[in-house]
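Shared between the two complexes below is chain A, which has chain B as its partner in the first and chain C in the second.
Moving on, here comes the complex of A and B:
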């Protein structure tokens, strides 16, 4: 019993050490936090940065049912000469501590993106509150703060919509911030971000649309966009595509359209370097899928007709992909196709030689694309039903 | 207490006894004449003695029966009386006043016969006791319905009926200087670990107390570590559990006057094992065992986990859930940890009130409890709805353990856990869990580690811990050589 007392004292001492040594005292009630669900950064006319954020209003979230005209969120903004300062300005208007753990979307206005996002990214990466699984978007032809203001009828919080749209069209969500950082640190390759734009919806309301991909150069400046289908081709090359719908007109076979729905994708990129920095890239894209529609006179249950469709799709798609690559090479001059890392992997010694000149080499890389589709299902009917009558 | 001997004179003996039991209205002194010849004094405690047997068997045969020795009065000796004239099963003799007193008080009838300095002690114990009923704390769906009573010999008989082996030993010991409670140490010779039996004997001998009125008294004397919330002695109301435990090399301690039998050694895993497990199909029994483990963990961690992640780590909650929680918590005046403590205390209070209050007022507490905890508090904006959910789930989970005293341990630990999480978040929960695990690995029950056979690991014995293995896989020997303890 006597030996127990020093032991208790020792336990108390070590327990109190836990209190003082860890500094683990960040308790903050939910009602003292404000949740920043989406934010945006814009360049203003006078050169200052405007940061806006969509904040959740908990007390309005409970009013389910049609009667609640009040939105469960509000937008607050602040402007300053730097990104950091603009956030400080915004904080002065907020009664609660900003918690960014649930911010899924960050929209960059086109102006700011064109000027360059290096400074913003610097502030971004230093803030531990930013989670790595966040999506950063470029608001094509618009200001980021306007995207925040677009209502979206399906989601309680409109900022959730763009993530869900992105996922619904087969993109991978929660990766754009991470891949932006990876691409920027990867020598030779250029970072990209997904892009949204605001279009008129079916009603008078405006709505958000997933546009495609925004391309940045090595100075973190926006140089151009790939539209949705081009961005899909790019993803196909990079092995990130989940599904893709293609349609092709067959003027010689009755003029109708054949649509295919692809769900299996493969991509093989091989490179070769022959003297004088002449780089050749060969891309073989494979895909598997099914016929989605057939408006032509072709009877796809016949082998030769199916083969014809496949061949036509292969040839056309190869051309489209080549066009996309040409656009990237000539128009933008940014390697967003992972060619540099392919070279680095396949010819590490040669890459050491040429990596300093990659920006001049890349536009002149000779690329050949061949697409091999395999259409496995033609649906439940052979020839188009109606034509048969 | 004097060790005075009886004398040969009946008158003297009578005075001696009457003096001893002075001022006790329930001690009956009755002068009888056996066969009209031998003077004797019958002494017993009214109410402890089965008067029907006394009247019908003893007195009637003495008064109306014919004595074989009637012709020759002198041929009736004390030994004759013992051998022939006591038509009941259990008799013995006593000479010292102390023995006589003890036997009379324990419910025997003493017959002091004129001319002899010895008495005949007839075991006529027949006091009122509860009949064997279904146990109230350990209910099974499909198992046997009999439970122990307050009467020691009924209890031992119930177990003896289940294990009809000469190896089942039942050693008797008397504890308590006033109560003189009979305690029986039961074990199966050759199966139970001899060192554990010896340890039990030793610890029982060292008990120095006036009265032993419940098993808990004995438990607190013999347990290894008094400063812990974990019980180191298993209590059971069921003969089948005691019989199974004996076969698992354990030792059972029967205490007169209590329907709970103590079983040692006891490990943490008994908290998850219910008697019903062994009366259901093993697949379902394993499933319910997992369910119990999960729910006990929930009862320990859920409130503190909720407090930790809402106040320290809201990033961990899925966004939509967070928005719902944040919306529900808006306007609640207390910090989450205070709210949780408040509700948990309230729940414990309701539970305690539910046990203590008279049955007639039972519905009052449930109505008040349901309204106060369930609705009014939420509507008034004092408590948030998610907290009510958390507390009620915890409440259900905390009552699931089949061992009542194990459940108490987990229910109590919930509060320090809650305080830790309120101060340090998940870090605090982790620290508290570490301390808890260190404590548990340190505990022993009669030389058996509290977490065995998981730590230290004995693979062959794990079959009855996380799953309830089928009988044919669990016990190849009926003697249970693979029972649940080490050393």
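Moving on, here comes the complex of A and C:
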């Protein structure tokens, strides 16, 4: 008797397993799904939101032999009074259920970004289908839906291009959504997003270009852009840069250009608060790299010539970085340089006092920048071969 | 039914680790910001203290379960009255763990399956293991599952290394202060103190002397794991964002991307969590059933399973939404934790040791 009851339960349990395990109850089959690869949101003239998305067509993806005539994707859109409603409108045109797990890119049109993206971000963070590891872009001077339509010759799916470009120019991918959320939740700091724009390509075709960084204020409204090199300087300060190419003209040494390729970066930000809310910030940037080109009469195998190049780069770059910081401070007044969190880390008690007025203090913060480059290699040749002629 | 000290260690570990790591980190970070790890340390100390007391009262009468020795210590009637809140707690928490399990699986995996189906499958497994082997089987499962959950957690830690930003832990203490740290510690502490359940388990140990080391080590190991998870959540998401995620460690795992190759491994954590919750639920279910049988003087304790199963299932259907479960968690922290897990054990410990001393004294005299 005692041994039979467990056996009966065991049989019942295994029988019920057959019911539960034989089919996929909840997940739809692959043929019922459509993969959303990239999407965009735009503000239309009548105030409605237009959402477009690039969908993957699996049957056309496996065409071997390079470019086929048929594109492996199509674009669909919907418009509504809110972000959510516009998606509903789009879904009315789709035969399958949208899966967002593979979406890597989301483009926001400039008009929408200027009006503010708070509502959109709310809809974004609520949706569990959105991966945290995603990039959100601002389409500079354009509509997000247009970026989706620009073909890119190297990639079958054009939206993959902007991620790859971002990585290829030394940024990190998949982090802009999270960093936007982090910056906007951090007291005092302002969020940013990477920006792309559409430029004429080499042929008649248009192409996507990585422009730089779009800056937002505390109300989630777009206030301006940093171009590519300025955005790189900002990333350098924030310790996020992977590599950077710099070029400098040497008019006194034959007028040519010396180019350096930097691969190692360091950044040290120290702050001090004195008296009546006077904040001073000192930034020391270090970099290591090699000479990429040398069109001057300098012989870089000589110690003093290399030192001269280094000094010139240090002085010039320091000035450029300072200019970028001034631009951010005076023109936009948005703290996208992490100064507020640096102050909080280094002077937590003083920060408690001044954090309410940070918006008025930030534009007047005194910033000094010093750059220290170490050029370790000069390339495969000593003095430029051209001079030997 | 017998369990060894080694099994007790793993049981305490899985009991304390999984649910605490998923549910209590977010409130702790919300209260104490980047100093939440200090909160966890405070919570661990509270947990260790309550565990110590629980083992000490059990060792006063090592051959009896909590149900029996409460009545021995406090007398039959007073003992029964004291047992009622504890008993209600055990039944309620069994149902609610079942519900929280179903909720999490519902959100993370099966958003269209009816909730009760998910609960019933788990309940069936729990009823099966309790009715066939009782504590022996649960102990064996714990021995197997505990190490797996440690390996899984290590995996998560290793894979998220490149997303760590150490400066997110700073400034230490300045942004929060003592009161928020203590406040943040209460929630995790109330969950870690669930190791109180060992009062029902020590009676099944052939060598009760090992109970102290096993339980304390189990709580310590679980606390260290929770501490690690908390620090990682802060390192990846920073204090402001982490406090707003419902399941922050789950979000960390969805964020993992190694070489653009290892991604979307969130199903691992769901799996780890499911097997962890299985142990916890089975333990509670066993304790409730066995306790009921002892309290109501059933000749065969397994009969009470059929009484407990429908009650537990009913309770798991009660919460209307996640708000209700959060309210219960607050109730647990504010009322059950101080009364049932701290107050009553201390009372029993004091009365029990006085009586024992008195009795040995009278014997020697």
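General observations
Note that in this section the second predicted complex is superposed on the first by the 362 of 389 C-alpha atoms of A that agree within 3 Å, B and C clash if a C-alpha of one lies under 4 Å from a C-alpha of the other, contacts with A are read in each partner's own complex, and residues count from 1 in each chain.
Convention: contacts are C-beta pairs under 8 Å (C-beta built on N, C-alpha and C of every residue); 3 or more make two chains touch, one makes a residue touch a chain.
Since the model is a prediction, treat every value here as computed from it, not as a measurement.
Once the two complexes are overlaid on the shared chain, A:88 sits clear of chain B and of chain C alike. In the superposed model, A:16 makes contact with chain C only, not with chain B.
Of the two partner chains placed around the shared chain by superposition, neither chain B nor chain C is touched by A:360. Contacts of A:344 after superposition on the shared chain: chain C is touched, whereas chain B is not. Touch criterion met: A:56 reaches chain B, while chain C stays clear of it.
By the touch criterion defined above, A:157 lies against chain B but remains apart from chain C after alignment on the C-alpha atoms of chain A. Once chain A of one complex is fitted onto chain A of the other, the partner contacts of A:131 extend to both chain B and chain C.
Comparing the two interfaces of chain A, the one with chain B and the one with chain C have residues 25-26, 101, 131 in common.
On chain B, the positions that touch chain A within their shared complex are 227, 310-312, 314-315, 319, 322-332, 335-336, 422-425, 427-428, 431. Partner chain A is touched in their complex by these residues of chain C: 107, 109-113, 117, 121, 124-125, 127-128, 131-132, 167, 170-171, 174-175, 237-238, 240-241, 244, 251, 254-255, 257, 260, 263-264.
Chain A makes touch with chain C in their complex at residues 5-6, 9-10, 13, 16, 20, 25-26, 101, 128, 131-133, 173-174, 178, 181-182, 185-186, 341, 344-346, 348-349, 352. Chain A contributes residues 4, 18-19, 22, 24-31, 33, 35, 37, 56, 58-59, 61-62, 72, 99, 101-102, 104, 131, 156-157, 160 to its touches with chain B in the complex.
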